[in-house]
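Given below, in the form of structure tokens, are the structures.
In what comes next, chain A is part of two complexes: it sits with chain B in the first one and with chain C in the second one.
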Partner chain A sequence: MSLYPLLKAEFRLVYGELFRRKSAFIAMIIYPYLFAGFTLFFGYTIGSPNLFIERVGIDPVIFMITASYIVMSITAVIDDVLWRPLSDTYIGTIPYILASPVNRIKLFIAIPIPRLLAMVSMGFTSITPIYVLYHGFRGAVTALLIMALVALGALSMVSIAIVIAGLVHTISESWRILNIVRPLMMVLLGAYYPRIFMPFAAYAISFLIPSSHIVEVIHRLFIGSLDGIYISLAIAITLALLYMPGGMKSLMYWERRKVAEGVKTY
Partner chain B sequence: MYIDKAIVVENIVKRYRVKKKVGFLRSATEVVEALRGVSFSVNYGEVVGLLGPNGAGKTTTIKVLATLLTPDSGEAYVAGYNVVKESDKVRKKIGIMLSVEKGFYGKLTGRENLEYFAALYGLDGRRSRERIDFLIKLLELDKLGADYKLLEEFSLGMKARLSLARALLSDAPILLLDEPTLGLDPPSARRIRELVRDLAHRDGKAILYTTHNMFEAELVCDRILLINRGVIVAKGTPQELKQRIPKLRIVTLSVKGRDNVGSVLNKFGTKFDVKADENDLYSVRIHVQNPEDIFNDVVKRFIENGFEIISARIEEPTLEDVFIYFSEGQQ
Partner chain C sequence: MLKLIRRAYAIFKAYALSDLVRSKGFVYGLISFSIWILLFMSPLTLFMDPQQSPQTIAAYSFTAILIFMFYGAATWDWAAELRWMINDGRLEYYIASGSGFLPHYLGILPISLIWVFFAMIVNYIVLSIVWGPPALAVIDISMFIYGLVLLIINLIAYAFILGGTIIASGVSGFVMEIISFILPVATGGLTPLSKLPKPLQTFALLTPFSYPAEIIRYSMLGWLPVIEFPQLIARGMLFAIAFLTISLTYFRYQIKKILREGTRATALW
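The block that comes next holds the complex of A and B.
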């Protein structure tokens, strides 16, 4: 079974939901601004932009809108993979998915891609106008580069998200755990809180998250320190590939547990 | 193994462990026996009804066969494949219809929903389009606007038709239908019943059909398995099952006359009830093993004794009587 029909089906499903649910569509467009605006408001209220530039090396407006865009795009992937088994259980589609001969790993790879594409394209409405405002044409080119890196970063999260999904959903009331996992991921990505400032334990965990390396590459691009960015990219891709067999095992484990206790059919 | 049989179930047992709170911090585990040694088989080209009240074990049986539940013991084979050890192969051979109300994506149209599920079965492009076109026409979903209406705007009857269309997407030889007409309006229920019979008798599919509607089981099913409390209490064709409770076969007469009804019937030596109505009108119910043997004699004897026959008929037991008979026997 090839990935293509599954991708097509997921595109139809996600875009059907996205474009027919206008509130979701509007929220998707304004979220990076809301995130960035909220953070900047507090940042300017209690801190100094100059101190921020001194410590982080980037203008806070650029940093926050970029960080919001990165977090939104990457968490969209994590959310799609992590929450899908739950939403399919709630909707009642899970027995039809599990009783079908579909290749589970291919399905879970296909699941986040449509929303990922939508989120990455959102770069045209979020980071691009701000970059162009600050840097002119060079800003537009940077925006394209950042969008490509974010796409790669988000894709590299698919396998680890599958590993987590398979394990978490074997536990009852898994949504409670997901509500802890999600903000932790957001912090450990290093988008709002650069990895170089993290304590060692957090840094070590962050190192195991593939897209945190891509986020570091983006950070380095902004501060103009390009040393070792290829190594970071390679680490991200290697980690993503290393998690894939674990993802397969995790999905199989989840399915076995589900079938042992009985898939809910309503 | 069992290549010629569509479904073979051998002594399946399933126990659920249900946690119950017994105190603020304490909980106790209660074991519920959903299936207690269920065995049966289904051939290609027949509709077999799994008939029983709520909680009898119908859905649990369907879940086991659909590879959605692992039995504690016993074996089940679908199209010759073991449902536990060869679940991947089983899934290619089955079409399932579970709850009618749920199980679709609300923001997609009927057609888009079918396209999604077709992809899960590896159907794509022209093959998928042609199959969906065919099914939409077959189930008359085109007339109901399934092509452009979002699922959330569907009535229950439309959802049921769409659900059956999904079960037929891969043209699987074995269909597992769990209460497919539950809550449907009579035209939709009738359409589904007609289709189910056609799919088995015309297309040679094996269909396991659960219901708690006796009338429906009698209309649709070639054979019936009566299940109660996780045990198959009786099996056979609807006719065979009815014949297995001969004490319920009754000759019913309504007669008018002045003579003693009892003296007329004593000759036959069978159990009978007489209810006297007004104006010398009597309702007579004669319990007999083979009513056809005595029916003409009874009518003749009443006439000879000066009775006027208002009506006379042999009452067949209903499937409901059969079910009650076997369920009580089990208790």
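The block that comes next holds the complex of A and C.
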């Protein structure tokens, strides 16, 4: 089976739900502002924006709205991959998925694409208005560039998410583990707290996450330090590709375990 | 009365066994919580003046998270419990049993408080790692207890409003999440009112939530509230009682309504 029918099915599933459930749709628009507002509110209360600019080199408003947009987009993608096996278990479709002749890796690549597109498009409602407010037309162009980079960053997370999904779902109470893995990945992405400020151990682990390199590229674009950004992009893409065979093995391992143990029903 | 206590104890035992003893979720939840704190707290260090005492900042964050955790308990443990009841089909049984919701909530209340207690220990450890041990000192114990009582009354009232709305309309989890984020910020739950812009400060003072928050902040951090103490104490209690009365009436009305019309279906998230 080619990727196209899988993508078509996933698009129908995700967009059908998105437009049917208006509250979830509105929440998607509000969330980047909510997270950015939360951190800015606290930051301004305990300190000063000037100190932030001195340290990071970026206006905190621009930084936080971008960080929130990045985190939301990347979370949406990894969430789709990480939670789908659980969701299929809850709604009782997992036996059909396991019995179907669908290529698993193609399926898991197709799963996050529709939401990724929706989330990246949310850049028009989150970062674009703020950038335009600060930088006018140049801001709109920057927003488009950031959206493209975030799309690449989110895509680069698919393979590592598949590796984690396969491994985690062989363990019981996997959703609880996922609730630890998700925020941990968000911390290590360096979107809210740039990698350069992290302790060495955290930096080293962060280096293994493909999209953390894209996040660094985004930060560098803002500070105007463009040296080595192509190397960062190349590392991100290389890491994403390197995780793919691991992802295939991980999915096969999960599937074998499920077939051997039987599927739990709720 | 004895029946009520027995029922509440049965609920407490069932939830304690499933949530605290049998399930590892308690531990996982606390680890997850500590990482989320790290995610949102670490960038705040970038705003800080190097001259500022990190331990004072840690204490300020500790208090804000404490208040936020109580809001979380009211939203996700108390109000959302009704959502789970609808999803599991338990709500109808509760109504039909004639025992009301009181024993159920008396049973789960200690679980929420135990959870908040452990979460605050985790919070303390994480903040100690990020900034050093929070410089906490309860400078006025009676005011602290008074503030905590007011906070709990307000949050019970808030849970009634949210719970009533859930059973009446099947509010989605997203909406609840947004409310639980915005409410503590907009009503001065997380930040001293003196640091809020004037319009937001006025708005916060028109809500019952700002008073316990100001009292708790004063008693734990020594930050002076924006209004005089006698006014703060009296208005705080008045607002809390009025809020509780209104919310209880609203909740009862919604219960009567679903008895006539049936419960709404809730979405998964």
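Convention: the second predicted complex is superposed on the first by the 263 of 266 C-alpha atoms of A that agree within 3 Å, B and C clash if a C-alpha of one lies under 4 Å from a C-alpha of the other, contacts with A are read in each partner's own complex, and residues count from 1 in each chain.
Here is the rule we go by: a contact is a pair of C-beta atoms (placed from the backbone, for glycine too) under 8 Å apart; a residue touches a chain by one contact, two chains touch by 3 or more.
Since the model is a prediction, treat every value here as computed from it, not as a measurement.
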Original post:
Among the partners chain B and chain C, which is in contact with a greater number of residues of chain A?
Top reply: C
Subject >> Partner chain in contact with A:P60 - chain B first, chain C second, else both or neither >> reply: second
**OP:** Determine, under the contact definition given at the top, whether A:G47 touches first (chain B), second (chain C), both, or neither.
**Re:** second
Subject >> First, second, both or neither for A:T93, with chain B first and chain C second >> reply: first
Original post:
Once the shared chain is lined up, is A:L34 touching chain B (first), chain C (second), both, or neither of them?
Top reply: second
Original post:
Which partner does A:A161 contact after superposing on A: first (chain B), second (chain C), both, neither?
Top reply: neither
**OP:** Quick one: classify A:R21 as touching chain B (first), chain C (second), both or neither.
**Re:** both
Subject >> Contacts on chain A seen with chain B and repeated with chain C across the two complexes >> reply: 21
Subject >> Partner chain C, residues of chain A touching it in the complex >> reply: 21, 23-24, 26-27, 30-31, 34-35, 37-39, 41-49, 51-52, 55-56, 60, 64, 67, 90, 173, 176-177, 179-180, 183-184, 186-187, 192-193, 197
Subject >> chain C residues within the chain A interface of the complex >> reply: 23-25, 28-29, 31-32, 35-36, 38-40, 42-49, 52, 57, 60-61, 64, 171-172, 174-175, 177-178, 181-182, 185, 190-192, 195, 267-269
Original post:
In their complex, what parts of chain A are in touch with chain B?
Top reply: 1, 4-6, 8-9, 12-13, 16-17, 20-21, 91-93, 95-102, 107, 259-260, 262-263, 265-266
Subject >> List of chain B residues in touch with chain A within their complex >> reply: 16, 59-60, 63, 66-70, 87-88, 91-92, 94, 96, 98-99, 101-108, 112, 115-125, 128, 150, 166, 178
